[in-house]
């Protein structure tokens, strides 16, 4: 096993870029007393190398229309009657999020340059481990492996909030941890249950994605399992009413933590719905869709309303995340290609625009050590470049056409309307109004109006480093807004295939008791990863 | 070179100008900023003129569509595409021409502002977005422009961001617009869900092929077309400041005057009218919504006109006048007179831009003073401004042979056909318009100067860079009317030009409105009379060097009405009470009660229960090793006992 | 008269239990340590007694090793006590409740 | 004669062991334990293993308990105060438990071995040579390991005591 | 009473009678010998050569007021001086002083306890000596006493290791813990044909270690740190006076004597003398002769004590510890290994 793993690490494989951050984190253990600047630069260089790995990988395996790549599978944990495999693969659904992760990592480090004052090596270490966790969760094709990565994400984030956070960081960190843990434990039970059921039917336990997709379960089983998965993911998203950890976590987390949290971690929840919860339990998902839609729509309106009355910049942005993720959930539950495309894009969009907003809130915090609206006002005069980026990002978040937010929201709403959820869509669309209300309030109270606070009079404008952190984000916002096609196209085949198999299964009968579907040739149950012809393996050793 | 293939350049040039001015140019490089700021819309105007010339000479009436690139694919596929047809041609002409003139004017007006470069960047951005809006070949591009102009409106209203009020007004404008946009979006979803495309041409073709698909029942008793048009109309109501979403426009006067002229009079606010006209095929299939459009338009027209009577801020008067005139246009669109609506749109663009720029010249001269009560007798100091302003006033009042006369007449004629009541409202509005506009002229330019000595000392005519555009617009305000239908004749160039735009749907042909000459004469004379009465009343009250006394006397005679009008029927206050505050209260309740009290409360109760359990349990863990040893010992004893006995 | 082996055994049990009481009731760490040594000693006595009873020297061997281990244990244990005392200025186990909550 | 000696030693061991447990002064406890151990050494002789007795005296009383005494003096531990923190539950629990255990074990042992008679002492059983033979053949490995363990214990004990001092020094330096 | 018991009592009496004389004689020697060395007179008024000075000293001890500090821990304070006598009053039991005696038809061993574990018992009992010092220091409730006690216990524990290892090495050639065997082995063998196989010739290194450790064990100069009068007044017996003080003196000198006896037994052939076969005599004569020879050797050692005392200065405490742990202990181990190798290879 270890030899196979090592070979994968050395080869041009998914495994390499999943574990590269972890490997690169090892020297940090011995750099505790190294000068801070060295650690910072080390982290930045590592993150750039990681980004390079990701981009070159994506380019190398791009086949013109999409990509489906899998690392060679090998056995990871072998027990009698139970084989857990190490299986990772990437397709159009995970690709955007993977690239987003790679993009955000250096930006996060740049954004933390000043804000983090203690234990830099630990911070970079946490960030790198977190990256591995995220990337791993995004590419894991064995549910056991997925769960492991899922939990790996949790701990560094917990540390980041708990160590480098604000005043109530412990409360926030514990809240974050308990919320997430509670959900994921239910998911673990569901995963084990599925593995066991598979074992009952096939003779040996399996947690492989493609194996478990073959399970046809009775509606009652599906409903419970779906509920367990959905709860774990809904907490992560977070959906109303499981969202209260988010504002606290964001407010207390350091800038980098917030960016990663909002930018990527939350997406794992929606990704989980798309990748696991819906394809596994189509009937239950269909049955429970109205409830999820209600929660999604309530989240949109609720998040927006609550964001509006916040007195803390960061909390406002945090609540806006709830609203934005509500859109994503709406799109995912709508089960419509347009909506799914929009949802996937919106995940990226949210990562970019909210990430940028959190970064800038952090920059303000670095300068003024406060995040309260009452301490700001009229900053546009003092720090014009900041104002430009801030307004730009806020507008992207509002969903202004020609910026990224619009594309995602538009496709989501269009798709869900098309899918027949008209009134949900209409209510959700009203979130567009509220988005303008709260984000413009944010801009207004921060940038416009007379300069009332003397302390603000001599704030320095953005430094080159800060611009370097923000510029890529804003460039992507504009690019996606103006020409979203290159960003939508890669994931379309994968989404379409998943949707097709979802619909096929939904159209099929509901099993009376757990059965194992025999995947006949041509039956596209696991479209992206089963079809060997469509699959290309990365150049690892052949097992 | 085929100018028609350069359509994409028309919006792109201003965008480029905005980008250059916004990012590359520095504040100190004023000349460069001017060159870029003027040059971009100027070039755009040239390209537009060339394209329009080529269009009207070689392919009049045709629809020219030009796809630039594919925006999205997959389940929803749409191109970024431009479309030139008579409707967009007229709009492009108006926008580029008036826009360019206002840009030129701004060089003088904004010359001393610190945000000069920023101003031109925003203005160019606006031009680009507006052109995108009018040139877009599908609803999506239109929506992009639609929101783009909204953004620029927000930015430009809040141009003086260091003051308290302008940013607030900008935010208000954006949010109110967003309410309309929300409906617009829903309309687009419905459209796409029904027709599977957002392309104007595609939708038109489908509807023409199968009108029943559009009239099929949809929701709440609306047909597809009804629902879509209602949604779109709500969008238009937001953008074009109609009841009940007009409240942002008067506040939007907080922006620089050229902005008011360009965005809040000539172009952006008329986008709603353009959109309704653009969707006329659907409106024709939804007569009940058309009626709604007409009624809302008429109501807005008279409502805003009454408010205009009692305003003292010169720009507020013009703002309410704009609202009123926009109502007029919607009245026209609602009664099916789409040509008249666009006609009035065009003429209004000229004379309202003229009026705003004129008022800007006055304000410029008065050192920023906008209250007409502190002006008076300015005609001696600002002769050119006075003359052109007067031309604009007469034009908007509907004085015969000026532009307003023809376009208003066309609208009233259309209204008469649908309903005499609407016509009557329109007529009264026309009278009120004449009245309050002349009031503004009299208060501003006649009588004695009521301002401070200092202001009197500084009074001066504006530079040529401002007065020349005034002159050109004044010419437009005079001659533009002749493009449309001229009463008592069959001359109707615009009508002919527009014919292809107005869809003719099988089974829904509008009955050809050919009224007799007598009726036409009656209608024309009625409108002339209304204008005359309005002007006369104004002269009687504010004229003859009475200054403010006449108005005060009338105000004293009807104090309640005056109070109501002066305070704009308290609509802002009502909205604040019934919408904003309750919503804020709900939001606060959501936060404080639902989030903190209920959800977190439940969480904390759970945590508390856990903690208490742990507290009880922890008495056993004293931390004292001896106690643990005793437990251990007890365990050993128990085990021992169990094993032995 | 030879002494019955059972007497040795019972004596050892009694010593062991006395040691147990000491280990459980004393607060002074060293006193507890002493009590534990007492218990160990009782065990040694038992072993020696059985060795005698069974006429097998293995018991003695075990006692030998137990003594040696006790020496090691005492060395390390006392070092720990010294360490604890240096840190906390007491070896009263009631006050050394690091495991508390 | 043997019985008399046994009784003397047994009573001495019991009494002194009670003193060990009951005396508040650690020095007296230690000294009582010395007595107990010496008495036990006597019992070892009675049980036919003078070697163990000598070892007990040499190792336990001569080294380990001296070490105890040394540490007690080093740390200057005074007698335990009859503090209010003493919990009656702990004391009575221990006493009752110990009595129960003693009773049960004694009963069991008595039942099992009341009739057992030890075989007569043989020269080989008593002789040191026999012990040595067994120790260096059968039990060589454990013997070596004990040596290792002791070495380790010495090193660790030194290290533990020293390290804490270093840390304490660092603290005081700060 | 059995003969054995009577024999044992007789032998013990014999031993004690001699041992108890050590203290007064040494008191005198300790004064006269250095005086001689330092070219002065020393006590010479009481009796011939001041010989009765010792008796006078004893009288002084006996008749001084028995004083107890008020804050002392009484029981232990009283116990400590008695414990000082424990090692010396017990250890001689395993020391042989002659060949087997044939008296009245019975074979009597000229040793009180003829045990397999002879040396082992000696060491075990000797190790108890430290209690006296520790308790004296602690019970006095005096910081000088305490310091002295701590020093003494640390010193004794430390040097016991080297001492024991040296003893072990000395036992190796005989292959027995029984000291009688050790003496016989030295008596019977010859080195290089002429030298008696005394331990001192076989393992001079071991003897050196033993000698140094012996000095340290008895707290004699240069290792008298526990009672270094310039630092600690008088160390652990600061608070003691009169007879109790005398007990400590007795303990010290008798310890010196007993350890000297052990040294003589292990390294100088014990009761034997080369060229003198004691078995040629009958009755108790060999025993008396053996005792005489042994005591002669003891006397030499005791003189060595005095000699060294006035020759070497006192060690510093760290030097003491370093010497014990870093020099003597390794040396004794080396010695043990060397001897073991020699024995196994049959050279001895």
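Going in written order, the chains are labelled A, B, C, D and E, and every chain counts its residues from 1.
One rule holds in what follows: a contact is a pair of C-beta atoms (placed from the backbone, for glycine too) under 8 Å apart; a residue touches a chain by one contact, two chains touch by 3 or more.
This one's a predicted model, so the numbers in the text were calculated from it and none came from an experiment.
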{"item": "Most distant chain from chain C, judged by the mean position of its C-alpha atoms", "value": "B"}
{"item": "Chain pair with more C-beta contacts, C-D versus A-B", "value": "C-D"}
{"item": "Relative to chain A, chain with the most remote C-alpha centre", "value": "E"}
{"item": "Chain occupying the most central position, where position means C-alpha average", "value": "A"}
{"item": "Inter-chain centre distance, chain B versus chain E - centres from mean C-alpha coordinates, in Å", "value": "117"}
{"item": "Distance between the centres, which are taken as Cα means, of chain D and chain C, whole angstrom", "value": "5"}
{"item": "Chain centre separation in whole Å, for chain E relative to chain C (CA means)", "value": "33"}
{"item": "Averaged-CA centre spacing for the pair chain C and chain A, given as whole angstrom", "value": "60"}
{"item": "Residue list for chain D, restricted to those that touch at least two other chains", "value": "51, 55, 63, 67, 74, 90, 93-94, 97, 101"}
{"item": "Where chain A touches two or more other chains at once, by residue number", "value": "none"}
{"item": "All pairs of touching chains, each written as two labels joined by a dash", "value": "A-B, B-C, B-D, C-D, D-E"}
{"item": "Residues of chain C touching chain D in the complex", "value": "1-11, 13-22, 24-28, 30-31, 33-35, 37-38, 41, 44-45, 48-49, 51-53, 55, 57-58, 60-61, 63-65, 67-76, 78-83, 85-87, 91-92, 94"}
{"item": "Chain C residues touching chain B - in the complex, by the definition given at the top", "value": "20, 23-27, 32, 93-94, 96-101"}
{"item": "Touching residues on chain D, where the partner in the complex is chain E", "value": "27-28, 31, 34, 50-51, 54-55, 57-58, 61-63, 66-67, 69-70, 73-74, 127-129"}
{"item": "In the complex, chain B residues that touch chain C", "value": "618, 621-626, 628-630, 633"}
{"item": "Of chain B, residues touching chain D in the complex", "value": "626-627, 630, 633-634, 636-637, 640-641, 644"}
